[in-house]
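Structures incoming, each one as C-alpha cells.
After this come two complexes, each holding chain A, first together with chain B and then together with chain C.
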Partner chain A sequence: MILVIAEQKDGKLNRASWEAIAAAQQLSAGAMPVKVAVAGHNVSGVAGELAQAAVAEVIAVDHAALAQYTPDAFVQALQQLITQAAPAMVFFPHSYQTRDFSATLATRLDRALVTDVIGVTQSGGAAAFSRPMFQGKLTADVVPQGPTPHLISIQIGAFRADAMQKGASAASVATAAVKIDESTLRQKPEAPFQEAKQAVDLSQAERIVSVGRGIKSQENIAVAEQLAKAFGAELAASRPICDNGWLPMERQIGSSGQTVAPKLYVALGISGAIQHLVGMKGSRTIVAINKDAEAPIFEVADYGIQGDLFELAPAIIAELQK
Partner chain B sequence: MKIAVCIKQVPTREWQPRLNDDKTWVRDQDVSYEMNEPDAYALEEALRLREKHSGEVVVCSAGPTRVQQVIREALARGADRALHVEADALGPADAFVAASALSAAMAEQQFDLILTGLQSDDQGHAQFGPVLAEKLGMPHSTIIMEVNVDGSVLRVKRELEGGWFQYLSMPLPALLTIQSGINTLRYATLKGIMAAKKKEIIKVAAPAGGGARQKIVALYAPQKSKQTVMIGGSPAEAAKELVKRLREEARVL
Partner chain C sequence: MNRETLEVDVLIVGGGPAGLSAALRLAQLQKGSEPLSIAVIEKAPQAGAHQLSGALLDPSTLKDLIPDFAAKGAPLSTPVDNDNIYFLTQDGKVRLPITPPPFRNHGNYIISLSTFTKWLAEQVEAEGVDLFWGFPGQHVLYDEAPREGVPYEHADDRRASRPGTPKIIGVRTGDRGLGKDGKPKAAFEPGADIHAKVTIFADGVRGHLTKQLYRDRQIGIAAEPPVYAIGIKELWDIPRDRLKPGTVIHTLGYPLREEEFGGSWLYAMGDGRISIGFVVGLEYRDPLFDPHAAFQHYKQHPFIRSILAGGQLVRFGAKAIPEGGWNTQPQLYLDGALIVGDAANFVNSERLKGIHLAMRSGMLAAETAFEAIRSGNTSSTALASYKARVDASAIKEELYPVRSVHQAFGGGLIAGSAYAGVAMLTHGKFLPELSGTPGHQRMRMIEDYYGLAKRDILVPSNAAPIDRKVTFDKVTGAHYSGTHHGEDQPVHLLVHTEVCHSICGSEYGHPCVKFCPANVYEMVDDGAGGRRLQINASNCVHCKTCDIMDPYGVITWVAPEGGEGPSYDGM
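Presenting the complex of A and B:
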C-alpha cells in the first residue's frame, strides 16, 4: 500500500497534495492500493475533499496539538500512523513543511527518505525515483535502501494534479487516533505573517523578464531593466539576486518567492535550479538566454539562445524598438 | 556559546559534470570544489552570533582529505577550530550516512547550537540537518532567516512558502538549517588566511557501518520537457530571429 500524506493548513488543502496522489496512482497503476492521510485539527472537511480521489481510504489524523504545525507533533503523530498502517511507501508533497519534518520522521522510523522526486520508474523489480542533483545539471534514479516503508517526497509541479484519478464514488473516511504528549513538543510556533504587502503581484504580469547570477553585478541590473522595458514586461529575479540585495525580495520567482505563469517569461542568465523552475515552468512561452549550453533552464525553454547576455540584451532591445 | 557549523565541499557552479564509467556518479578527477553556498551563510551567522554572545565556532565536515580546502577557508573567515570526520567513502555519501558519520564526534563536543545550510548544491537532499538533530536528540527548525539567542532560548524566523514567515522558539541546544541570503558574507582576509594555518583541525576516523539509505542506479542529463528551438547566429541575427518567432509563432508580443 502507498500512503500519501496530504498537507493542509487551517482546513485548506495544499494543492500539491493532489500531485502527490497522482504520483502514487501512477506508480501503483492499480496494482497497489493507495490511501491518503491528512493530519491536523478539525480536518474532516479536508478529508471529505480528499475522498474525491480514486483511493482505497482517507485517514483523518485529528489532534488538538496538530492545529498549528510543529515538527515534533507531526513526527509523533505520523510515526504512529505509519506504524499502524504499515504501508510499503509513504508519499509527501515536497513542501517546506515536509522538508521540515520528514527527515526527522525517517530517522525516528529508521527508514530511507528520498526527497525532491520528479519521476517514478522501475529498476530491476524495485521502484526507482528520479530526482535532480547538482543544481539540476543531472538527474539520478534512486532506489531507497533498507526495509520498508520508504518515504518519498514529490517535487511540486512534477506531477499534474489534473492527472489525479477521481473515484466513481467518494472514498471512505476513517479516523486514526494518535497520542501526542504536548509536554514533549519543543518548538513553540508563533502566527505566520507576510513581511510587507507585496507591492508587485508578478502573478498578474503578462510578460516577465527575470534575471539571474549571469548578470554578475548590481550595476548590470540596468541591462535587465532595459530589456524588461523593451518587452513591456515586469522585472523579476532568481533567489541569489535578491539574496544579494540587487533587487527586492518581492521580485523573487521560485519556491521561496512568487509562482508565475505569464504569456512570456524571459530568463536572462538564470541557470534554472529546481527551486526556480517550480516558480515559472507553467509559463506559456519561455525564452532562455544563457552562456552555458548545458544550463537546466534550457530543458523548460521554448526558445533558447546560448551566448553572452551583455551582447544579446542590447541586440534584442534594438530589434524590439524597430 | 559553543556553536558548530557543518559545512560541505561541493562542485563549483561552473563545473560541467562528466559521468563515471558505470554512470552512477560523476568523474571525481574533473571536479573543482568550493564551500556549499548555504553553508557559507550558516558560517557567517555563527561568526555573528559569536561576536554578539562570545564563545567559539567549530567548523565540522565529513568527507575525503580534499574537504580540508573548505575547512581552511572557514577557519580563514574566522572559525576557531575544526572537526574533520575523514573517509574517502564519505564523498558521495547520502545525507543519512554523512549525519551518522558526524554525530558521534559532535555529540562529545556538547554544542549549544548547530548551524548548517538548508541543503547542499550537489545532492540536495535537504536532510542532513534534521537527521543530525534527531541523532543528537536536539530540536531543530529549517530554512531560517533570523537567529536570536536569549539565554537558553532560541527564537528564529523561519521562511515559509510564497513570501510568508513565522517566528518560533525552542530550547538550546538546537540545530538550525540556514537559508541563503540571511546575512551578507564576509570573505577571508590575508590575516585570516595566515591565522587559519595555526588553527587546530581534529581528524576523526569515520565510524564503521552506517549503511546507505539511497542507491543511485542511474545518473544522466535531464530529459527535456519541451522541444527547445535553439537560435544561433550573431547577437543581432539571434535577436532578430527571436523577436520574429515571439511575434509570429508564439504570438506573445
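Presenting the complex of A and C:
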C-alpha cells in the first residue's frame, strides 16, 4: 500500500497534494492500493475533498495539537499513523513543511527517505525514484534500501494534478487516533505573519506573465502588467528586474527566487539564462517573446515569437479582449 | 544589541588545508595534557564547499601530519602517471621534448581539493575540534580598552577595525538576516565575537581579514607587493577511454600573447572525469582583456576541443592564486595572531603547487601557538618563533630559490623562462631580487593601450564565441559553480565610488565587467542616457579577482551571509 500524506492549512488543501496522489497512482498502476492521509485539526472537510480521488481510503488524523503545524507534533502523529497503517511507501508533496519534518520523521522510523522526486518507475519489483542532482543537470534513479516503508517526497510541478484519477464514487473516510504528548512539543507557533505585506505565492499561480530586461525601463512594466491582466495571470520577473527594484523581490523567478510550474508561462523579454530556466522550465506551456532569435529561452519555449515586445504585447492584449 | 561572545584558546579563521592542518596539529599536540579549546570558523556551509584548486598534491606535508593517511582513506586515488607540456599556437601544438623539473609530477597525486578538504575536516572532527561551518569572519577585533564615557556598544564597534591598536583578540563573525537596505529583517542575528588567545588567519588568497591586517597593521610594508593570478576551472565528464587516468597536460602559449603570463592545466582523474583550467596573471596590461574569454578560446583550440568534444560540463569555478612567492610574504605574526597558507602567499608558482605549503604553514603555526599558550605569552615576541620555524622549514627551502620567478615573467615569457631556468640550475643563488608591481597598477588605460582612435571601444579584444557545447557564457558558468546568495541582503562587494560611471568608461573601459569570471559586474543603461554599474552579487564565486584587479582599488570583497557562495563539490 502507498500512503500519501496530503497537506492542508486551516482547512485549505495544498494543491501539491493532488500531484503526490497522481504520482502514487502512477506507480501503483492499480496493482497496489493507494490511501491518503491528512493531518490537522477539524480536517473532515479536507478529507471529504480528498475522497474524490480514486483511492482506497482517506484517513483523517485529527488532533487539537495539530491545528497549527509544529514539526514535533507532526512527527509524533505521522510516526504513529505510519506504524499503524504499515504502508510499503509513504509519499509527500515536497513542500516547505515536508522539508521541515521529513528528515526527523525518517530518522525516528529509521527508514530511507528520498526527497524531491521527479519521476517514479517500477522495474523488476523495485520502485526507482528519479531525483535531480547538480541543480538539475543530472538525474539519478534512486532505489531506496532497507526495510519498508520508504519515504518519498514528490517535487512540486513534477506530476500533473489533473492527471490524478478521480474515483467513480467518493472514497471512504476513516479517522486515525493518535496520541500527542503536548508536554514534549518543543515548538510553540505564534500567529503567522508575512514579512512583506503583499507577498505572493507564485507557486500556486496557474498563469504567469514574467518580464525580463527587454522591458528596458520601470515605466514599461505597465505593459507587462496589462498583458498579465489580460491573461488573468500573476506578474513575475527575472532577476535584474527585481534587483532594480522595479518589481518586489518575491516576484522573482529562478535559482535565487521562486520555482514555478504554472499551466501557462509567458516570458516577455527574457533571454533565458540558465538561472531563470531552472525556476520555470517545469511550466506546462511556455510562450517566449524576445527580439533575439538566438536567445536560449526559445530552446525551452513551446511557442516562440521573435519580435518587439512593445508591438506584440498590445496586439496580444487586443486579441485576448475580443 | 545582544552580541554573543565566545572565548577560546585558539581561533582558526578558515577551514581550508592550512586552517584544518593547524587545527589537527593542535589537537595532536595537546593530547595527554590539559585540553585547549580550539574553534575553526569557515564561511562555506560544509567542508570543502569553497575549496578549488587544480589540483596536484605533493604529499610531503601530509606524510608528516597524518603518517597513516592511506589507512585513513585519504582521497588520493589518482597518482600522476605521465607529464606532458605543450606550447600551443592558434591551430597547432609543439610538445616540449623534455618536461622541465618543476613540471615533473612523479610521486604526486591528482586530487579534488574539495574532496580532500572534506576528508581532512573529518580527521579534525574526529579529534573533537569544533568546526563552525557557515560562519564567516567579518572584522578583526583589537584589544583596545573602551574609553571613558563611550557607551560600550560604540566602543565595541570602533574596536572592530581600528588601525594601530595593539593586540588582536579575535574575530567578529558576520551578521545574519540583514536586508538589502542593510536594516535587520525579522530573523536578524548579530555576528558573534570570538575571542582567542591566538587567532590563526587562514582566510585564503587575498583573505578579507588578512587584508584588514594589511591595512590596519601594515603587515605588507617590508614585503614585495603581492602578485596574483586568476585560475578558472571546470570539471568535465568525457568518454572514459579518451585519456588515461593520471595524465597531466600543461600548456603555454595560445590564446595568451607574449605579454600575458599564464597557461592551462588538464588532469585526468579517472572514470572519464577531468579537471581543466586556465591561469592568467592578474598583471595584464590590456584593460579589455577577459580571462574567462581566454579560457573559452583555449577550449576551442583543436587539441583541447578534441579532448572535450562530446563531453559534459559538470562544474565551474574560479579562484585567485597568490603567485608572488617568498618575497611577498607579509609579516607572519602579530600580537595574538599568525597568518598561514594562501593568506600568507605560500604558493610555489613555478611548480604550480601550494596545498602542501599551506598545510605545512598551518602545522608550524599550530606548534607556535601551542607553545605560546602553554607558556602564557602570546605576544608578538613569543609568536615570532613562527617565522623562525617557517625559515627553517621545507617552505623556505622550496620557495626561496624561486623567489622572483613570477616577477620575472613581468618581463615577458622569454625573459621569465630564462630566469626560471637559471633559478632552477643555481638553486636561486646569484639572482637579482626582482620587484613586482601590484598587478592592477600595470593595467594601462584604453588610450594608452589601444591609441586615441579606439578610446570608446567596449568590445573585449578577445571576445569569445559561445557554442554552449564546449564554450559557455559567464552566467552559465556561475550556474555551474552552484553559487547561491539570498537576494535580500546587503551587496557583499563594496564599491563606494563614482568612478564607474564617470571616468572608468573612458579610462579603462570598465575592466571589472571583463575580469570578473561570473558576470557579477555589468554596466547597464541608467535610463537617463548614461550607464550605471549593476552588481549581480548573487553570481559571485568568491574568487577575489575584483578586489585584486580593479585599477582604482575601489572594490572591497566582504563576506556575504554565512553559508552562501559556491558549491565546489568535486572541485
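In this section, the second predicted complex is superposed on the first by the 201 of 322 C-alpha atoms of A that agree within 3 Å, B and C clash if a C-alpha of one lies under 4 Å from a C-alpha of the other, contacts with A are read in each partner's own complex, and residues count from 1 in each chain.
Throughout what follows, contacts are C-beta pairs under 8 Å (C-beta built on N, C-alpha and C of every residue); 3 or more make two chains touch, one makes a residue touch a chain.
Bear in mind the structure is a predicted one, so any value in this text is a computation, not a measurement.
Visitor: With the two complexes superposed on chain A, say which partner A:Ala140 touches: chain B (first), chain C (second), both, or neither.
Guide: Touch partner of A:Ala140: chain B, not chain C.
Visitor: Based on the superposed arrangement, let me know which partner A:Arg284 touches: chain B (first), chain C (second), both, or neither?
Guide: A:Arg284 sits against chain B, while chain C stays out of touch.
Visitor: According to the stated criteria, A:Gly257 is in contact with first (chain B), second (chain C), both, or neither; which is it?
Guide: both
Visitor: Quick one: is A:Gln76 in contact with chain B, with chain C, with both, or with neither? Answer first, second, both or neither.
Guide: Neither: A:Gln76 stays clear of chain B and chain C.
Visitor: Where does A:Pro240 make contact in the superposed view: on chain B (first), on chain C (second), on both, or on neither?
Guide: After superposing on A, A:Pro240 lies in contact with both chain B and chain C.
Visitor: Scan A:Gln8 for contacts with chain B and chain C and give back first, second, both or neither.
Guide: In the superposition, A:Gln8 touches no partner, neither chain B nor chain C.
Visitor: After superposition on the shared chain, which partner residues are touched by A:Ala103: those of chain B (first), chain C (second), both, or neither?
Guide: first
Visitor: On the superposed three-chain arrangement, identify whether chain B or chain C touches more chain A residues.
Guide: Looking at chain A, the partner in contact with more of its residues is B.
Visitor: What is the shared patch of chain A, the residues that chain B and chain C both contact?
Guide: Common interface on chain A, chain B vs chain C: 134-135, 137, 193, 195, 239-240, 242-244, 249, 255-257, 274, 296.
Visitor: Contact residues on chain C for chain A in the complex?
Guide: Residue positions touching the partner: 180, 185-186, 312, 314-315, 468, 475-476, 478-480, 482, 484-488, 524-525, 527, 534, 536, 538.
Visitor: Name, in rising order, each residue of chain B that touches chain A in their complex.
Guide: 11, 13, 16-17, 19, 26, 95-96, 121-131, 133-135, 139-143, 158-171, 174, 179-181, 184, 211-226, 228-232, 235-236, 238-240, 242-243, 245-246, 250, 252-253
Visitor: In their complex, what parts of chain A are in touch with chain C?
Guide: 134-135, 137, 193, 195, 216-218, 239-240, 242-244, 249, 252, 255-257, 273-275, 278, 296
Visitor: Chain B touches which residues of chain A in the complex?
Guide: Residues 70-72, 95-96, 99-104, 106-108, 111-116, 123-124, 128, 131-146, 186-195, 198, 207, 213, 231, 239-240, 242-245, 249-250, 255-259, 263-264, 271, 274, 281, 284-288, 292, 294, 296, 298-308, 311-312, 314-316, 318-320.
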